[in-house]
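Chain naming follows the written order as A, B, C, D and E, and within any one chain the residues start at number 1.
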Amino acid sequence: MAAITQFIWFGLVSGSLIALGALGLTLIFGILDFINIAYGEYMALGAFIAYGLNTSTELPIYAVAVVGLFATGPLAVAMDKLVFQHFRDRSSIVLLVVSIGLAFILRNLIRVIWGSGSKRFDVPIEAAPTYFGVQILADQVAIVALSLVALGVTFLLLRRTDIGVAMRAASDDTDLAQLRGVDTERLVTYVWLVGGIIAGLAGVMLGLDGQLRPTMGFLALIPIFAAVILGGIGDPVGAVVGGYAIGLLQEVSVIVIPTEYKPLVGLALLVVGLLVRPDGVFGEATR
Amino acid sequence: MSTEPLLAVEDLQKTFGGLVAVDGASFQVEKGSVVGLIGPNGAGKSTTFNLITGFYDADDGSVRFRGEEVVDEPPEERAQRGMVRTFQITRELTGMKVGQNMRLGGQSHDGEKVVHALAGSASDREAEIGERAEELLKELELWELRDEYAGNLSGGQRKLLELGRVLMAEPDLLLLDEPMAGVNPSLTDDIIEKIHDLSDRGITFLIVEHDVDMIMNISDKVIGMHQGRVLTSGPPSVVQDDDELLEAYFGGEV
Amino acid sequence: TGDSDSDTDAGSGGDGSDGGDEGSGDGGDGGSQAIKVGNLSPFSGGLGWIGPNSRRAVTTALEGEGGVNTEGVLDNTVEIVEQDSETKPQPAISGFKTLDSQGVVTMVGPSSTVMPSLVDPAQNAGLSIVSPMTGTIQLNDTGGEYIWRTVPSDSIGARAQAKFAYEELGYRKMALAYKNDKGSQSFSKASGEHFKFLGGEVVTEVALDPGASSYRSAVQKLQDTDAEVVSMTAGTEVAGLFIKNYVEAGAKEDYQLTLGNDVLTPDFIEEMGADVMEGMVGQAPAPGPAYDQFREKHNAVHDKEPGPFAASAYDAMTLIGLAFVAEGEATREAVPNQLGTIGNAPGKKVSSFAEGKKALENGEEINYVGAGNPQNFDEEGDPLGPFSALRAKDGSWEKVLTYSAEELAQD
Amino acid sequence: MFLEAEDLVSGYGDAIIVNGASLSMTEGEMVTIIGPNGAGKSTFLKTIVGLLRVRDGHVSFKGEDITDVAADDAIDHGLCFVPQVDNIFPNLTVMENLRMGAWSLDDEAVFEERVSQVYERFPELEDRTETLAGNLSGGQQQMVAMGAGLMLDPDLLILDEPSAGLAPDLVDEMFEKITEINDKGTSILMVEQNARRALAESDRGIVLDMGESRMQGTGAELLESEEVAELYLGT
Amino acid sequence: MSYATLLVTVGIIAGIYALLAIGMNMHWGDTGLLNFAHAGFFAVGAYTTTILTTPAADGLLAERTIGFDLPIVAGIVVATVLAAVVGVVIALTSIRLEGDYLAMVTLSAAEIVRLLITNESWLTSGAQGIKNIPRPASGAFPLDLGAFVAGYDLFYLVLVLGLVGGSYAFFERLSASPFGRVLHAIREDEAVPRALGKRTPLFKLKSFGLGAGIAGLAGALWAHFFFAITPTMFLPSLTFSVWAAVIIGGAGSYVGAILGTVFIVGIRQVTRFLPSDIPLSAELPFIRLMLIGAALILVLYYRPQGLLGDEERMAAGQSLEGE
């Protein structure tokens, strides 16, 4: 039996990936107030853009990763201007359906450009070195570290800057925010920009950890949503804690249950958690 | 026992985080009376309403209605017993028409059961409810707006609809949370008259209102709250002279 | 907006060949119109990576040297109408019915995930499917009339896998790891079954969730068993990720992987890296004599190496073309009537459309020997053929030995 | 003219609510609009500040045409509006609400000072700085709305029923505060159902009914008018 | 002729989906409940009737120790009831959750159902799915009637449309009744009906159960028509499609829900006829899916309230004009 510490490390890694995705999503979800199904595709786009550069240029993976994630921000903004902006006053469920449509378009755009097979970044596959009896890859360390950094930055942005307050204000009541002189359209742009960049980061990390597929983001979405909800919508700390909770519990659970049921563990945690605390289990829900 | 008051509140307690919103409030509302509940902003009046009607869980204390303990019941059960409240910050059913908002208030309606709904077997009751709604809407000057969505009403109209809807329920005890705020003075007189009218027919009122003249005018008893506690309670004439309340409520002057 | 146009276009086409369905003699009328053949393949969804391989192989069979359209069939050409199965049964049924309505006379078909759901519709519509990728043993006792495949049933390949692991490599304890879908599960289960039959033990089974983003815990769990060899069937995507996690975990030292047919391609080694794949074993249909020829044509048409299932897709299209020639009419009856005959002995061995057409026109019988397989069909429309056991060495698949069709067919 | 709204027409969807109402104010004036429920008072104010589109007529402010100025720009022109309903951000804390009130204010020192002024006026709020505004009592919410509205030093302060829901002592406070602000030179335009009180404090009053301005005059004149009393002031 | 067959099949699919949309409209359009478990209810219905009406099976892949071989009617009835019961049970645990929280819990519940049917092969044959599901009255329509092969499908279409019509009448009547009025009040603001003495938890349970039951019925009809079912038929994307149908049709309108379904199923089918002699034709399958996505967005852009939704109701309470 491999040491439980190994499973805990796996849990931290997959928790970090979920947490990263959840962080960007909770920002968009909390402030723009709708479930963006296309978020998974933003992640995939980030990963594939980095992949495209990775294979077409000689640049190292870390350099193209940065390009990939910073490309996703403007792309998310562009999607907003092209699509979501025209549905600003619509109810959140209409926006959800619109985002389903957008997800279809983006996912298949990826297939058109990069084909429908799976891809890998041009990094070698090697046996992981062992530290303290735990196998740890450098990529995995980067994933864990980056998710924490991203959390810190986002948290400061939301709680400690005027922009953050205004973002939350606008999500509460757009009219009133406008009356206060807030240019809500510009705010929305910022939200997409930041949320998009985090999505790109999450996508690249996801691809680095595993492989790239046009559906990679969509498939990752359910645990990510679970983390957002578990943490309380719009709460960045909650989302990250939720991500880690789900990741850890799922990976460690395989010690006692068949791996097939791993996804069930996260969902069960969510269901039970919400029954106990209906507004999100971790952190203070902001709405 | 005929001396049992309709509503008896004892030692109610509610804290939010560190804040004690209601701090051991006790009072009684006699059947058929009009009782005013006054006090400065944040005194705990609305919270008390929420505790009585079950929208908040009390930390401690008891709420007895017709002698029966109801403090652990959910709001709908208490309403079924005959105590119905309005909300201070109005909660119109935005996407339902004014007429439907009113009809919702109707009680003992078999049509709300699936089987009857399918069979259409409660249409008589529905018609009765419709008539009553018409009557009330006319009194509240909302009849013209019966087919308007409630979300499209003006601030004052929402207050009136809120009132109309609970009147539809024909409860034994009506708890009104600032029914007059934002209502045009020309209508407030009519509403007062309406309250008198219903009171004469045996309906009991507990009213929160900052229009003190009006409260003193229509109440049989006035309860003054401050910082979650009941400061004084008694006939208007007595309460009017309570220095402590005056200080808290009016800033000392009359 | 252009939909209504395409509707009516397709409509007239459909009507035209409808007449032909019943084999009535309106060939003169339909003569100027290309023969419509469907290609119902997974272009999106879980096996979305296979569809393009199939498409390219089919074009090679049509447009390549000596191909169906280069040579012409019944003084006509074949036009491919594609439908996406989306790797899901219901879209596959919709796609099938759409092809039916568009008047195709037969089709190159989809994967195991959806094939079982198409058996009844195919029979009801009298419209045949020739699948180059369906391995599932669920079809072992179905087919022969409207349901055909040019890839051997998993039970054949699985026997090769189990035999090799048990007899040549000397393993006694096997574990199964398969992507949790019809096709992959079928192969691994069949392998385990034969391994037991040979005297080995199957210690555990792990179903891999196709949507998972890592298989680390599955790799670990297998490390914790005493399995010496793991039969891992999962298609290139899931297999790629599994192998990555397997190598990272250092599990190479704990158990040997023996892989499914579909990843035994040069491409896969290239994608994963030579040292990653070094030492892994697997089996694949011993390529027919036509394979090199096919590969060349494929490269000529597409400037690309053929991918998994390409060779069998090429065979499927070539066989269909030959069936038309043999039948003398491009009708829905051509495949049910002819495929068994032209694939099997007796007859002159041919391995391209051009050769076969010539022979048929000379009144000879033929026995098509394909690129992916000799394409000798049994009663149920399943091909039998030899399999090679392979091992990855220095960046390519090295043949270790070949099991003959007879050895594998025994029950 | 300081503020001039001429023959405004506006509404929601197909419904025309404000139908030809006009208003003009000179600098430093305090004007109260009264009228029955549903007369279109709030709609009129929303139209002036740009929350609703002006369908006909025009609005000018300090000599500038602001007919088509959007709500988020109105504040830059020196207009500050406190709505009747939905006037706080319920999921922001009291402090954050005040910060939003001072959104276009850059000077942190001035902000601090204004906050302490608000707390001085409404001590209730000081203990609840970190409370979500949505959890406050009705009156406290009204205080937050007013407080946020007072964070800037606008040229014109537009208030929709500022005293609604306030206890008597705070109603006094509120009117005192408004008068004080007015005395310092800020012009005030408000809608009030506490009409007697508001008219008494105001320079001028306007009666709005059925979307049209019906009467106007000094506060005292309107208060004395029998017609006004009977129709709009109750007994 | 073959066009007619296609049309009949598409009609059956649309009809079955329409039942799903009707159930969803009870949940969302009438009661305001964000139900994302619809694929789960559908699966419960499909698997229940399948397990009840087929015999147990063995074989390397199909191994399944449970199977009852009961009459189809029994299967369909139990499927409907059981789906309703599952709906009520899910609702019992999560009915007090609001909005997106309820959405996520119900989505999780559906995923749990799917995981179970994927992995508990003693009951469901797992990923292999169950084959040879009997068709009602199939004896009455010999399959070898040549030109009449569409006969059975036509019969099934009539059956499905009959059930759609019946369900439509049933739910429409409920929605317009005082019962529906309470549901609408819950949709707008649950505190209000509670304050007026309506036992809202009970109403929500009823709404959930009724909507889930009809989804179960749809599942049963699905299983008996398509001969075979597999777990991949019950992915979350099915739930999303039903949502799209309801929203496109216009939340709150049952006719809209049906129309929306026709649109969703129709667009998927119609795009299958895209001519393949276009530039980029190799990418046609993807372009087709992109067009489906674009159609979703466009229809909502041009019909913001959906095809038949009540524009006024949607706009009510919005302080802006919402142009």
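Operating definition for what follows: contacts are C-beta pairs under 8 Å (C-beta built on N, C-alpha and C of every residue); 3 or more make two chains touch, one makes a residue touch a chain.
Heads up on the chains, UniProt names are A, E = Branched-chain amino acid ABC transporter permease; B = Probable branched-chain amino acid transport ATP-binding protein LivG; D = ABC transporter ATP-binding protein.
Here the structure is a predicted model, which is why all the values come from computation and not from measurement.
Student: Taking mean CA positions as centres, which chain lies farthest from subunit E?
Tutor: The chain farthest from subunit E, judged by C-alpha centres, is D.
Student: From the centre of subunit A, which other chain's Cα mean sits the farthest off?
Tutor: Centre of mass proxy via C-alpha means gives B as farthest from subunit A.
Student: Between subunit B and subunit D, tell me the centre distance in angstrom, where each centre is the average of that chain's C-alpha atoms.
Tutor: Whole-Å distance between the two chain centres: 29.
Student: Report, in whole Å, the distance between the mean C-alpha point of subunit C and the mean C-alpha point of subunit E.
Tutor: For subunit C versus subunit E, the centre distance works out to 34 Å.
Student: Indicate the whole-number Å distance between the mean C-alpha point of subunit C and the mean C-alpha point of subunit D.
Tutor: Going by mean C-alpha positions, subunit C sits 75 Å from subunit D.
Student: Can you list the residues of subunit B that touch 2 or more other chains?
Tutor: Correct list: 152.
Student: Give me the residues of subunit C that touch two or more other chains.
Tutor: 43-44, 51-52, 180, 207
Student: Counting only residues that touch at least two other chains, what does the list for subunit E look like?
Tutor: Counting only residues that touch two or more other chains, subunit E contributes 118-119, 286, 289, 312, 314, 318-320, 322.
Student: Where on subunit C is subunit E touching in the complex?
Tutor: Touch list, subunit C to subunit E: 2-3, 5-7, 9-11, 14, 18, 43-44, 46, 51-52, 55, 80-84, 87-91, 93-95, 97-98, 100-103, 113, 116-117, 119-120, 123-125, 136-138, 180-182, 185-186, 189-190, 193, 207.
Student: Which of the residues in subunit A come into contact with subunit E in the complex?
Tutor: 29, 35, 37, 83, 86-87, 89-91, 93-94, 96-98, 100-105, 107-109, 111-112, 116, 175, 222, 225-226, 229, 233, 258, 260-261, 263-264, 267-268, 270-271, 274-275, 278-280
Student: Any idea which subunit D residues touch subunit A in the complex?
Tutor: Per the stated touch rule, the residues are 49, 51, 70-76, 81, 83, 86-92, 96, 99-101, 103-104, 148.
Student: Looking at the complex, which residues from subunit E come into contact with subunit C?
Tutor: Residues 1-3, 5-6, 9-10, 13, 60-62, 118-119, 126-129, 131, 143, 149, 226-230, 232-233, 268-276, 282, 284-286, 288-289.
Student: Could you pull out which subunit E residues touch subunit B in their complex?
Tutor: Contact set of subunit E toward subunit B: 170, 173-174, 177-182, 184-185, 187-189, 191-200, 203, 206, 210, 312-314, 316-318.
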